[in-house]
């Protein structure tokens, strides 16, 4: 596996969707700072991140590459990563309720040799949480996506069996949404 | 009529394995579609002890979330403790004294041995042999006694703290650990003679439940399952944390991909754990076990952080998203057996019921950790 | 105190046991033909076999009686049980079906056959042999099997072999077809 | 005094009855297995007859026993083949009722 | 139908046999539990009576006081009949077993055949019990148990035929009598005409393990696969009878092995040695209980085999060897005897 | 063919080895403890439910009712009741309730306690069929200890 190839391909992928001056990600933001490098004062919530690729400091973030792509690019990102022989560690969501957006985070790692971890993330609108499934690329994503569906209600389109995995089959809430108030 | 009759094969029947079943080690339900004794499809049904640990992470302060870690995988609770405190230390930039690191490694590895011993017993129990379980328990009790003397608990430890450990170990713990290792070294040949070399066990395991390295990769399996498929991947070696880089140990890898390989990996890991503990005890320095400047209220910088440790069942990853408050904004727990079990459906196709249960045992499931 | 049974009682006891066996046999046969559930029919068959084994005992042939249990109960009945388990998952549904015209016809036919056979047997003049050349003990049966009837013995073994092969082939072929 | 157990006719009657039950079952039962059971009864009836004649009338009392043993062997073979046929039929037709097997010809 | 039927004798034998079967079944459970406990470095039952010796009675009382549960959809008559079928043939078999030269309830000419005839009825108990339970685990278990029993009956019968060939009798007492004398006269050693001697003994022992559904061949009740197999749905004395039947069968298996291979009631020592050299029922019991202890030890040592390796063992190892042995012994009998 | 016999032999040998091991273990002494009759000494760090420390000097508790234990508890099983009293600086403890059914024995309360007023007890015989039996009034418990 060639790390640089993966990085280049992901970078090209992330740049694809936005012709209007894609954000040139700053290489390795200063260690204690947030990922954007431009995190404002703590009081104000950080602005939603733009699509693009960041190479972050592994010792701080625990990952090597952090890339945000458009919704329809997650499958291709997965294919790139699959082609590099990497494995899927986890899929999860984050509810950015102030931005009215849900973030879907894919953690990839490389188990065949030197450590290399990639995070692919994408943002989808909260009221239309649809995203293509990557379970065709990584069959292991099946359960992770079902779990994310349980907790966030994110609809993975094309998923073979999008049913409640951990929650009871008759429940009608998604507990990790920030507006969930208990049941 | 004939073709229509052929298409719907009524000989198949559904069998519910669980939620309470002797072989599922807790409350896991496997919906089996059987053709006689052969498994056509085995669909694990999860969630019977789902407790929404991730939501608890968002409601509790970083320190308050600590005891949750011991409840995930109750058999190797200290690995999970370790992963979580290291993540928070990484986020908050806390330095850990060296003695504390050594203590962490010693106790974690002891815990790993106890976990593997219990797995060993339970696995042989799955295969129908009851006695090895109690022999393994005998040894495991020694570990639990040692760990109880240090942590005060026997199972759901909550020992590590941000910046160190709850309290220092005593010298008799270290000497007791060495004595235990001597004892276990002398017991291992007994285990091998009684179980590993037993012809029935070999027939039950060799070539049963093959999981290829590619399948592991596609499903994200880690830990002994991956190493039994010939992939040399151990978080302790590949992305070293704590003091593992200073310690000389091997990662047992077997290339047979079958249940026997996974069995051998774990049995060899017990030996390696003993090596690690011996070296750590030889090297352990004097000094404090708690960092001096640990903030009372931890408020990490906003952003998301990921940390992985090698738990007894594979790589345990935590993704924490902080928004700068004293609570996590999002806490994702990536449990190894969740991924390991997800390949069961594919791996068990066409197997005999008995073999499929051997495969399930060789995955080393701990259901609370899968359901979280 | 004489606790031995007096010789007078023995024939009565004997007749009593014999009648018991006959009743068991007939009851088993009735159950086997009339029971709605197939498993109970097999059970009736087993009971009937056991009764017949008892009758064989009365015919001075304990060897054949035990063989009757060993083969019929131990092998044939189990085979039939297996066939039911494999092929009749919904025996309740089966039980609901009643034979239409077959019922009365069957009674007539069965009754006629019994009547014809029984009356023939009753009215026939059987010739009692003047002398028996042996007692029909196990040793003598064995000797006959290996001398006078050795050809039949071999033929039966071939029949059994062919039966095993044939049943394997038939059962196997069905499986392949069902799977592809 | 009753001496049923020492009379040939008793046994012959039992044999005839078993045979009759067998025929009755063969006609009445709608399923293959029921017919198989009935056929076993027929064979048993024949065996009882043989054994009776063997005991009362035969010059060589081993003959009847041997024939009965052969009948047993045949019955076992018959049961095995019948079971395999039942299974094969069930696989193909999902039924072992004789009515459903009308298109057996082709 | 012999004329001199002695009522007292009959009653004594009947009571004796039932007491022996039931007592053995009860106390073998105690032996099993206590033995297993000590093998596993535990204490085992110790509360009821000294060394827990009254535990079987307490268990029995508990089982009898429990309610019999009929799950929905069971075939009631069959469901109730199956435990009886498990126990009654076992007691019938005890009738023929000679514990010493004189201590035998009925000395039947074809005792060996009788044992096998009634042992085959025992399979029906599993089959009917499993089927009547209307439980999928029970049905699978019954199917397994039957295929296992059928597969192991063949080598067992072939080995038995070898012994019958050597002895020339199917009478159990005569089989033992033919082994009269110290251990080198026994059928376990080739010196008595049994060509493969010790190997056939081990093979027969394995077969009897498999026939009685004991570990490591307890596929029928593999608890990690099939919960409790064919008696999953049984409670109270229904379960109790199955349980007793199982232990009675173990006793029968051990007794039969003793009779066929270990010289029955004969002492292993020459008769010239006082006390030890005398033949008697105690030697029979010593041998039988040693075998039973081995059975117990085996259960608590080995993992369970799978169905296929079980059948492979029967078809690929036991049957060829037993046939070979039959041929060899036949040759030996023909040319030497 | 040679492999066939070798397999049988080595397999049988492994079985015999296994039997000899279990037979040997049979003669060893049991390692278990008959619990209700014998019981173990708990290790000094054993974590039972928490209790108030009895101060050697004053003979009573050291609690200053700061409520840090209550705040630090992840499961919210501690309720500290303190009230102002005449002539005493700070609050006076009038009730310390522990709902042990929720407690996970993590020790956060003890770590948070500045005056070291609480500690783990060594109680472990805590079986009951009623939930209420695990609601402890630690202040009362401390008084009963006297």
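We call the chains A, B, C, D, E and F, going by the order they appear; numbering starts again at 1 in every chain.
In this section, a contact is a pair of C-beta atoms (placed from the backbone, for glycine too) under 8 Å apart; a residue touches a chain by one contact, two chains touch by 3 or more.
A quick note: this is a predicted structure, and the numbers were derived from the prediction, not measured.
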Minimum number of chain-to-chain touching steps separating chain D from chain E: 2
Far-end chain from chain F, centres as C-alpha averages: D
Chain pair whose interface holds the most contacting C-beta pairs: C-D
Gap in Å, rounded to a whole number, between the CA centres of chain D and chain A: 73
Distance from the mean Cα position of chain E to that of chain C, given in whole angstrom: 27
Euclidean distance of C-alpha centroids - chain C vs chain F, Å: 70
Inter-chain centre distance, chain A versus chain E - centres from mean C-alpha coordinates, in Å: 65
Residues of chain B whose C-beta touches two or more other chains: 6, 10-11, 13, 131, 135, 138, 194-195, 198, 200
Multi-chain contact residues (two or more partners), chain A: none
Per-residue multi-chain contacts in chain C, two or more chains: 14, 63, 67, 75, 82, 84, 177-178
Complex interface listing, chain E residues touching chain B: 36, 39-42, 136-137, 140, 144, 215-216, 218-219, 222-225, 227, 300-309
Chain D partner contacts - residues on chain C that touch it in the complex: 11-12, 14-15, 18-19, 22, 25-26, 29-30, 32-33, 38, 41-42, 45, 48-49, 52, 55-56, 58-61, 63-64, 67-68, 71-72, 75-76, 79-80, 82-84, 86-88, 94, 97, 99, 102-103, 105-107, 109-111, 113-115, 117-118, 121-122, 126-129, 131-136, 140-141, 143-145, 149, 152, 156, 159-160, 162-164, 166-171, 173-175, 177-178
Of chain F, residues touching chain B in the complex: 10-12, 14-15, 17-18, 21-22, 25, 31, 43-47, 72-74, 104-108, 111, 120
Residue ranges of chain B in contact with chain F within the complex: 60, 63-68, 70-71, 131, 135, 138, 145, 148-153, 156, 158, 161, 166-167, 190, 193-195, 197-200
Contact footprint of chain A on chain B as seen in their complex: 46-47, 50, 52, 54-55, 58, 87, 90, 93, 216-222, 226, 231, 233, 238-239, 301-308, 315, 317, 319, 321, 323-324, 329-330, 332, 334, 338-339, 342-343, 346, 371-372
